[in-house]
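In what follows, subunit A forms one complex with subunit B and a second complex with subunit C.
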Partner chain A sequence: MVGPTASLSVLSRADGSASYKCPATGYNILGAVNGPVELPGRRDALKPEDATVEIFIKPGTTTGGVGERATETILKSVLGNLVLGREKGFPRRGVVLTLNIVGGENVERGDSYLTLLPALLHAGLLAMISASIPLSMTLSAALLGVTTSGDIVQNPGPAAAKSVVSLHVLAFSSKGHLLLNESRGRFDFDTWELVRARALSICQGAHDGDVAMGEGENAASVNAFIRETAEDQIYSDYAHKLDSI
Partner chain B sequence: MSAPLVLLPSDEVPREHLPSNKSNPLRLGPGLRLLSQPTSQAGDSNHVLTATQAGLLTTDAKRNTVSLLSFPNRRYVPTVNDLIIAQIHHSSIDFFHCIVTPNTAHALLGQLSFEGATKKTRPQLKQGELVYARVQSVGVGAGAEVELTCVNPATGKADGGLGPLVGGMVFDVSTGMAARLIRASSASPDNTDAVEGLVILGELGRKLESLGGFELAVGRNGKVWVDCSNAGESAIAVTVAIGRCLQETDQHNLHPHDQKKLVTRILRDLKLAS
Partner chain C sequence: MSKEAQLSIAERDFILEALRQDVRLDGRKPDEYRPLNITFGEEYGHVNLQLGKTHIIVRISAEVTKPRDDRPFDGLFNINMELTNMGSPAWDNGRSNDLEAAVTHTLDRVIRHSNALDTESLCILKGVSCWSIRADVHVLDYDGNLTDAACIATMAGLQHFRRPDAVVRDGKVIVYGVEQRVPVALNITHKPLSVTFHTYNDSKHVIVDATLKEEQAAEGDLVIGINNAGDLCYASKIAGAPVDAMVIVTKTSIAWEKVKVLNAAIDKVLQADLAKRAKVGMADESRAENDREVQPE
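Let's turn to the complex of A and B:
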């Protein structure tokens, strides 16, 4: 299976940006972060000691609707909690993340946004990293569907997602803690437990498997992919410094 | 020095990478924080240093500091003692309200914080004019105001060219590039060859010497002010050439070898090369 591709700092005027492409679902997301900025109005009044995180999702061909607003709330509960809003220069300021759906099939009105959620999470996280927003941890997410025969399929596209019995999005921190669990459809606890184990191994790489794992297996995990993307950008940005070492 | 180490948020700084200078306490630079891991025994806790941003870990054994070099495109967050280029937005009775970065609150610059300024001789700055200033304080607590000054409060002098910037033109560069330019100029004032991988200023200085040279001020907020009023008729072309050289070096992250080529190409394009 082809892994996702991503690049950081693609926009020159934003403070941080990332483009993320997932070939399995066909989604292409462009994320931009500006922060810390002054927010209009008194939106900081609820948490005066903390930074406010605002997330906007812009679909490629239509204007945003109820589905986008609901997804923004989910993303805000995950990414907003990663931001260390009490670091210097951040309290009472805003961090604005805009996620533009550049490529991939449109999510029809009323359809579930779950298939898009991992791509949005990864693009948002990478854009935040690129803007050097202080974060408490990194995350990685996985999209899994359970078919009628009980098989677990990874990254079903919007068309394939229509035929599955249940659809799950799970996000884990870099240390393996569960951060997000969004599910849709009919399933029982045993199925969910299987899905969770599978998602964890996708995100973290086969950790506690009985087979001794090698470097190559680990490189396929989503966590390792995010680390590699950030490292590549740092190495190319600081090539002048690394050359002299 | 050991192999370069890139950290991501929540990564711990390995103990063997910390400088082993015991004479003064370890100082943490930006991007790092100290956390304590509670252990089972009461009263005993392990301290760990974790990263809050993605970046390259750098240590300075002499000053006993450890810091994280993050992405150069980031937004500038005012820090005490930084030199910045601010633009006057409006003035009030006591202060000039200045723009440091777009979409952030105005920084305050006292009407009398200029060299030799009294109530009668203070500079009359208009909207849009530029000052080269030092960040005096960033305040305490949430949403505090940033205060700037154009004078050293200890000596009453404007050290290092602080004050209004007259004439010239401002170019935007990334904050990382601005920091590099400042480090390159402070490392060796007379020989800027290959400091921080930047040969562009030395090269431009050599090539433009016959045209009267140029003056440069770099603000940590990602602004470079260029003035070549000595260049006479070609002043505008020289200013544009310097700005374009700096911006292209920044955007394409050019190698010293390519920087020299870029200078030659741009000077030829603008018909400045003799």
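Let's turn to the complex of A and C:
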């Protein structure tokens, strides 16, 4: 299976930006972060000691609606809590994250955004890293579907997601703590536990060796991928220093 | 409302003085565009356009809907643009601003109202179903001249887009998937583009394709929408300092020259992309002809 690709700081106007492409689901997300910025007109809603994180999802070929707003709330509950909003210069300011779905199929009206969620989370996180927003931790997410025969499939595309019994998105911190759990469809606790174990091994890599690997050469974890993307960017940003050593 | 950072007095004076000596900040001639780079995505109608530092993505999509009651023979066509915080930190998410309204209006006038896309060809069954074509303009980076960039990208997208084939059989509409039948190109009647001019020093100096800084230093603007045949379909002088009538006449002919060059540039990348697709795309699979082995002589 082909892994995702991402690049940081692709745009020039935004403070930080990231492009994230997932070949398995076909989604291409562009994230941009501006922050810390003044959020005028919303002074009463600002927290006196914390930063306000705003997230906006712009669908590729429709106008945003209820689905986008609901997904924004989910993303905000995860990414908003990662931001260290009490750092100097951040209280009473805003961190504005804009996620633009520039490639891939549209989510049908009324359909859930679960298939897009990991891509949105990764693009958002990488954009925050690119904008040097102080974060308490990094995360990695996985999308899993359970088929009628009980098999767990990784990254089902929009078409495959329609035929699965249940669909799960789980996000873990870099230390392996569960940060997000969104599911759809019918499933029992045992299935969910299997899904969780599988998602953890996808995100962290099979470190204990007891989790069977389905795809074989899928050894590189999502966590390592996020790390490498950030590392590559820092390496190219500081190329001038490396040369002078 | 956030605002774009204002130009300092020194910067403004510098731009104006340079123009008096016929020099622009980036060394271009008064009627020279920035380097234009158009690429197409994997799907049909996905255009990635860079005009200097202005970066735009346009996506064209089609769906079957019911036509409007008063126009049962016409399909629908909409151009949608929403400026987000991504393009410029001065734009607020979910709130429209003056620039968005102005550019959307110009796009609507130049492309939609000039009937560049023949909406009658989008009709499938009178009064029952038709195609609704939608162009979504995403602004990723803003460095001036959004109107022209969006116009070029939208026109390129419309020419690149292929909608699924649909037929009416026994009063029922059947839409074929792209795997079943070769998708159909849209019916483009003519190819209008907008050319935006900015005026300086009592309209003594008029330039095309201004960058953001040049736009901020300008005293007025003039937008001309014209097609390859030289038919003027839009001219606007909404605000700013007055412009001499002769300037409009001479600039219209410059706009015509520019549109021909831009349309040729679009054609070139379009042909290159279609040729590339023809090799690997569905057109090859849906071909009835067998591959013939060429006998070496």
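Please note the rule applied: the second predicted complex is superposed on the first by the 231 of 245 C-alpha atoms of A that agree within 3 Å, B and C clash if a C-alpha of one lies under 4 Å from a C-alpha of the other, contacts with A are read in each partner's own complex, and residues count from 1 in each chain.
The rule is simple: contacts are C-beta pairs under 8 Å (C-beta built on N, C-alpha and C of every residue); 3 or more make two chains touch, one makes a residue touch a chain.
Nothing here was measured: the structure is a model prediction, and the numbers come from that model.
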Inset, instruction - Would you sort A:Lys88 into first (subunit B), second (subunit C), both or neither based on which partner it touches? - result: first
Inset, instruction - Using the superposition on chain A described above, determine whether A:Asn106 touches subunit B (first), subunit C (second), both, or neither. - result: second
Inset, instruction - Please work out whether A:Glu54 is in contact with subunit B alone, subunit C alone, both, or neither, and reply first, second, both or neither. - result: second
Inset, instruction - Pick one for A:Asn34: touches subunit B only (first), subunit C only (second), both, or neither. - result: both
Inset, instruction - Please work out whether A:Leu79 is in contact with subunit B alone, subunit C alone, both, or neither, and reply first, second, both or neither. - result: neither
Legend entry - Superposition-derived comparison: subunit B or subunit C, residues of subunit A touched: B
Inset, instruction - Look at A:Asp15 in the shared chain and tell me whether it touches subunit B only, subunit C only, both, or neither; answer first, second, both or neither. - result: both
Legend entry - subunit B versus subunit C as contact partner of A:Ser136, first or second or both or neither: first
Inset, instruction - State whether A:Thr98 touches subunit B only (first), subunit C only (second), both chains, or neither. - result: second
Inset, instruction - Enumerate the residues of subunit A that count as touching subunit B in its complex and touching subunit C in the other. - result: 12, 14-15, 34, 37-38
Legend entry - Residue numbers on subunit B that touch subunit A, as the complex places them: 1, 4, 6, 8-11, 31, 33, 52-56, 69-75, 77-79, 103-105, 138, 141-143, 176, 180, 196-198, 251, 253, 255-256
Legend entry - Touching residues (chain side subunit A, partner subunit B) in the complex: 8-9, 12, 14-16, 34-38, 44, 48-49, 82, 84, 87-89, 91-93, 129-138, 173-175, 226-227, 230-231, 233-245
Legend entry - subunit C contact footprint on subunit A (complex, rising order): 11-15, 17, 30, 32, 34, 37-38, 40-41, 54, 56, 58, 60-64, 96, 98, 100, 102-103, 106
Legend entry - Of subunit C, residues touching subunit A in the complex: 1-2, 41-43, 46, 53, 55, 57, 59-61, 80, 82, 84-89, 93-94, 134, 136, 138, 140-143
